[in-house]
Each structure stands twice: as structure tokens, then as C-alpha cells.
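Single-structure report; data block below.
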Amino acid sequence: MKALVTGFEPFGGDGVNPASEVLKLLPPRIGALDIATRVLPCAFDRVLAELADAVGELRPDLVLCLGLAGGRAELSLERVAINVDDARIADNDGGQPIDRPVVAGGPAGYFSTLPIKAAVAALREAGLPATVSNSAGTFVCNHLFYGLMHLLATRRPGLRGGFMHLPYLPSQAAAQPGAPSMALADIAHGVEIVLAVAAAQRDDIVAAEGAIS
Amino acid sequence: MKALVTGFEPFGGDGVNPASEVLKLLPPRIGALDIATRVLPCAFDRVLAELADAVGELRPDLVLCLGLAGGRAELSLERVAINVDDARIADNDGGQPIDRPVVAGGPAGYFSTLPIKAAVAALREAGLPATVSNSAGTFVCNHLFYGLMHLLATRRPGLRGGFMHLPYLPSQAAAQPGAPSMALADIAHGVEIVLAVAAAQRDDIVAAEGAIS
Amino acid sequence: MKALVTGFEPFGGDGVNPASEVLKLLPPRIGALDIATRVLPCAFDRVLAELADAVGELRPDLVLCLGLAGGRAELSLERVAINVDDARIADNDGGQPIDRPVVAGGPAGYFSTLPIKAAVAALREAGLPATVSNSAGTFVCNHLFYGLMHLLATRRPGLRGGFMHLPYLPSQAAAQPGAPSMALADIAHGVEIVLAVAAAQRDDIVAAEGAIS
Amino acid sequence: MKALVTGFEPFGGDGVNPASEVLKLLPPRIGALDIATRVLPCAFDRVLAELADAVGELRPDLVLCLGLAGGRAELSLERVAINVDDARIADNDGGQPIDRPVVAGGPAGYFSTLPIKAAVAALREAGLPATVSNSAGTFVCNHLFYGLMHLLATRRPGLRGGFMHLPYLPSQAAAQPGAPSMALADIAHGVEIVLAVAAAQRDDIVAAEGAIS
């Protein structure tokens, strides 16, 4: 069994991105699961082609995409991707789509096919702050998440995939008054836990992790 | 032209809900737009039937549903409803569905068909804090929003509709340390603005109101 | 019995300040309490002289100074003023003292002599969000609060005084994503309540309104 | 040269406290500075006697007291201790003083005599989120901080001391939705940096680290 884990290059003026830094710390295998990694560009118009290439080349069973959610304190297992690009800032190519669908004619949304609540439970059990999130935003992270799920739904029906948002690294938060962060080693530990849970079970647990609003 | 505006009864132990209180302050007409209002139950298993009854009876051109988002500081124009119920607490009938679709076999999501960015711009112009929100949660608010959009998409194709989340009233926030709130008169003013904008234009403006994450 | 209520002119690029706007809404009398108001400059090097002039001229029994605390959601009754100026931004005269005492040789701090917990209780009872705050910052607000208490302690022993921080007005919050606010009428109502409580009782109530950290 | 570093035992139902856990990770020496540690009780009526005993026995040149500030994301160098106990919850002995002075007849406040801005600058330089805080609360942390500074001012004039608040550990934040945290190794690294800075310089740097409100 093989997992592809992707992370974004830095964006928005940051010199570093935990989503790509963490890839360097992942082991080549977690139990019976082989781990392959790819750094992806933070660019609306290139990221999905690179993802498709990596999936085509590596033929993974699981895909976990990682991105930075500056300002969040917890590892966030994203529940749903939505079919809209709405960029508050420009991406690394200068692209800034507004209210454009990720995939013209695609469905309004896709749900993660990873066991996100089981992952959250395992992360907390390991002493790591984690949550289910109901929005991956409308920037390149959601774009990639939607594109991934569309790829799996339309061309790779046997694959499962999802997206996890990461907090700032402490070194990033040091420059942003009041911002929460998480140590890179803890983020790496969290990614390993999510991969192990996803490899071990297809069905999610029943747990109230919803949001009132 | 006629608008139906709905608001929820109190829930979760609160004695009051701005979403129903505000209905009492709305005028019967805003320009050429007639306003009808309905208080809806905060109950997964009853709210959509009552909504459908009201739409069938009143035959509005626009439907704006209102709900409380305790903890938010701004009037929140919701962008998307998702096809999942995941209740952290019980509703007013004791119902607490977990990871159940709002509509079995329905699409993963529906986008609001109100001009939400034009509404946000008009609200700010009027001095009211407002934002586009990318998640209406997974409780009865999202359930109603999804059910509304499904009803419009499948049985009332000419109608337009959407959802707005409201902050606590000051009297509610007085019991919750640190919670933001908004005066009822300002909420009512905001609802009128959103209705006027929705009545005046079908197409939204182009404005970067997206979220990075 | 007479109260002096002061508010700051706008600062930091804002065109308006609730602390001066609210003065226009106060009645000339609250019960047996005469109300006089003064707008004060947001300037370290001028504000205390203007305060002393107003106190000397008006000879009030109570002094309540008001200031803006952008980002707070509640009316904040300040508990303590500290003997330090540490300005993150320049004041309206371009002054930006760093780690300079408000009064050279003065005590490290002064406690409010208003019944702040009784005021908080009365505000909440009236449906207004309110709290005891343990820091008035280190900008002109704290400077004025310290200077007021030093004046009372050293030259006007019969007078009582204190400071209340106010949230943004909604029109200010409309320009600051996510910021909480309070309607001007509610702020004015709150100021009247605080004045009435302060006029009615010298001793505070016993209530746990402390902060863990 | 010798430093005493103190940390509190767990309180408020927590099974662990970063302020005592971190003591186990400190080295016996940092450069020429010898490090002694003490765990102190989270109890208003006992903590100052134990602090005085430790200072009398160990005769340190520097005292750095540590405490938990659950909900803060940064290492917080406290600027000022105030002469009031106001407990929102009971301490570990069941004590809950309200509006009682820490030291009857003591001054309203004491400023830290550690170079807090130099420490913040060094922490950020090392990639750790840090800030100057203007309130240590009104619970046992502020009580200890005030008691420490009173002890130094009245009986140990050559000693310098101060207080630093710490974020939750990740394992604590895992049980508190949305709460920020910091890895224990990063906290320990931060404590070492603060001690090294305090040992190296008596005077603080000039830097604008104040708060508007």
C-alpha cells in the first residue's frame, strides 16, 4: 500500500511553509505503508497538473495533501472542498481568480474520503490538538483539495484522499503577534498518525465533531 | 416582488434568538419588495417541511434565512451549504444526527444564489460589519440552508435564496465573557439592506472576499 | 453631585472615536448627578494638563475617563493604571515615549476608586456585555488613567475616578475584518449606568471577576 | 552567578503544568549561570513562604518564576505585578480570595527587574513566539510575581526577578478546542534564552513593545 503526501512551497511572502518542511521529516515507510512525497507549487494554474502527474507516476492508494492555515492552532482535517476559487491575495504566479470554479461544470463540493474523525481522535489521543474543519478556504489549498477529489472521483475511483491544514511553525508565528503555532516535529508526528489511521481503516468512526456555525 | 425571511426560535438553552427577534422589526415593504416572515423550529426533522409549506403558501421571489452564529462579530453572508448534518448538541426536539446527509442522494453542496458580495459591500457602506462566510456549520442552520437551496434547485427554479448568520444580541453576550454582539436595530438594518440589494440585482459584483484558509 | 466624563478625540488614523462621540449623547443630569463632558487630546504631553484644567474648573465629585480599545467586545472597567508609557504607535502630536514613567517618582500603579464590579454587574443586568479589565495598555489611555489617579491621590483626595474602555463603533469595525463592536446608543447607555452606580455607592461589591492570567 | 527558576504544580483540574514540567528539562548550568529549580504549590496561602525559603536557602542572583497562561499563544514576559488577589476559581487548597491585597500596605504594583524586551527580542530571534504582557492576571501567578518583587524590594535589594507565562502544552490543548499551545522542548529553549539574556545584561533595550489597550 502506498501513500502520496503533498505539501506546498512557501507563499505570500513567507520564506518557509510547514506543509513542505514536514515532508522532509516523514519516514519512507509507516508500517506496511510506503510514503512518497511531492512539493507542489502554490499556483492555481499549475498545481493540479503536477498533482495529476504525481498520481499517474506513483499510483498511490492514498493521497494526503497538506497546506498552511496561518492563524489556526490545531491540525485541521478538512471535511469538504468547494468548487470555487476566490483569491484574497495573488498566488506565486501572480494569479488571483475571483469566483471562478475550480472545475467548470463540476459538482459544488466533494467530501474527503479519509476517516477524518478517526484521525482527529487518534491525534488527540497522542496529545496533539486536532479538529474537523468545515472550510478549506477559497485559495490554492481548497483548489488543490477540490482538484484532488475530482481526479479521484472521475478517474481514480479506487483511491482515497483528503486534505489537512497545518498551523504556522513557531518561527513564522514569532513574526506575527498573537499567532498560534505548532512545532515541526509535532506536525510530522501528526501527519504520520493520520496516514496510519487512513491506511488502517476505510470507514470513519461516529463522533460528534460538528460545528454549530 | 415578494421576499420570505425566516428566523429560528431560540435553541441551546438561550431564551432569545436574534434571528427570530429581528423579524418583528422588519417593515412590511422595502421599496417595491413585500416582506413576509416566518419563525422556524430549531429541529432537524421539522424545519424543512415548515419551510416548504411557507414557500408553497407565500410564493416568494426571494428567500433569506437567518440564524445565530454565537461568537461571530459580523453579519455573515453564507456562500455554500453542504450536504451533511453533524450536530455537536441536540436540537430542540432532542435530535442529534451525526454525519447524515441533509438530502440522501443530493449533491455535496449548493451555492447561495443571492448577490452576497454586493450585500457585504452595501452593509459595510452603511457602517455595519459584514463578511462572506465559507461555512454555515453542520447544525440546523446549514441543514435549513441546504434544504432551501435543494428545494429551489429541484422544485422552484425561478426563486433565489440564501442564508445570513447573525451575531449574538448584546443581552446574550452579557452572559458569555468576551463574546462579540450586535444591536438588534443594527441587525434589522442589515437584513433590510441585504433584501434591498437582493431585490435590485441578480448578478453579484466581482470583489476579492475569499479566505486563504 | 457632579461628574466629569472625558473622551478622546480620534487617533491612529480613525476619523471617529466612540469615546468622544458618546459624550454628545449623555444627558445633562442623571438623577441627582450633574454631568459635564470634555474631549481630550490623544497626546501624551498635553492630555494631563487639560484634564487638570477641567477638574480645577468644574470641581467634580466623580471623574470617568473613556477611551477606545479596538478589538475588545465588552465595556471594560479598568482596575489599575500603571506608571509607564510605552507607545507602539505615535500619538496625535507625533509623540512616542518608550518605557518612560507617566509621573517620574510616582508609585508603580493606582487602583480605580470607582465601584467597578458593581458597575459590571449593573451593565450585565441591563443586557450590556461588560468586564473588569486588568490592563489599560501602555498608550495614552493608561497615561490619562494614571495621571487622573495621581491627581486625585495627591491633590484632590475627596474625588473618586476611574477609566472605562469602549469597543469599536460598528462603522469602525466594518473596515476591520472580524473586529467586534458596540452600537453608540448601547455605549451611551452603559456610560450612564456606570455613572449612576458610581454616584450611588462608594464601596464595591464582592464578586469574583478576576483573571487566571 | 545563580538563578532560581520556579514552576507551579498542576491546578484547576489539569494533570500537568508546563511550568513545572519544563524545570525537568533545564540544564544545571547555562554558560556561567548555575540553575536551581523549585516546584511551588498553586496555593495563595503557602506559595510565598515556600518562595522565601528557596531564596533564603539558595541565595540566587536571579529569580525567574514560571506559570501557565492557558489560551495564550506566546511566551509572555510579564511587565508588572499588581497588589490584588481576585480568584475566579479556587486554588489547590480551596482558597479563593477576592479583592484582597497580596501584601497589606504594599505598593499598588511592582515592575519586573529583568530585561523583558531584550528577552522578547532574543526569543523571536530564536524563532519562538514571544511578547511583553501587561497583566499577569489576579490569580496565584500574579500573587507569586508580586510577592517575589516585594521580597526583592524589601529584603533582597541586590536580586533581580520576574515572571514568564507559558502557553498550554499540546497535550493540554488537545482537550480544549481551538486553544493554542507550545511544545515543551520549545518552552524549555525559551526559558534558557530568557535566563541567558537576564544573566548577560541588567539594562533593557529600547523597543516599542507596548499595547494600545
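As written, the chains take the letters A, B, C and D, and residue 1 is the first residue of each chain.
One rule holds in what follows: a residue touches a chain if its C-beta (ideal position, glycine included) is under 8 Å from a C-beta of that chain, and two chains touch if they have at least 3 such contacts.
Everything quoted here is computed from the prediction, not taken from an experiment.
Chemist: Treat touching chains as neighbours: how many steps, at the fewest, connect subunit B to subunit D?
Modeler: The distance in steps between these two chains is 2.
Chemist: Hey, which chain ends up farthest from subunit D, C-alpha centres compared?
Modeler: B
Chemist: What's the distance between the Cα centroids of subunit A and subunit B, rounded to whole Å?
Modeler: Chain centres of subunit A and subunit B, defined by C-alpha means, are spaced 29 Å apart.
Chemist: Taking the mean of the C-alpha atoms as each chain's centre, how many Å separate subunit A from subunit D?
Modeler: Distance between chain centres: 37 Å.
Chemist: Using the touch definition from the top, which residues of subunit D touch two or more other chains?
Modeler: Residues: none.
Chemist: If each chain is a node and each touching pair an edge, is that a line, ring, star, complete or other?
Modeler: Contact pattern: a closed ring, each chain touching exactly two others.
Chemist: In their shared complex, at which residues does subunit A touch subunit D?
Modeler: For subunit A paired with subunit D, touching residues are 73-74, 123-124, 127-131, 169-171, 173-183, 185-186.
Chemist: Which stretch or stretches of subunit C touch subunit D in the complex?
Modeler: Its residues touching subunit D are 12, 67-72, 79-80, 82-89, 96, 98-99, 107-111, 117, 134-139, 141, 165, 204, 206-213.
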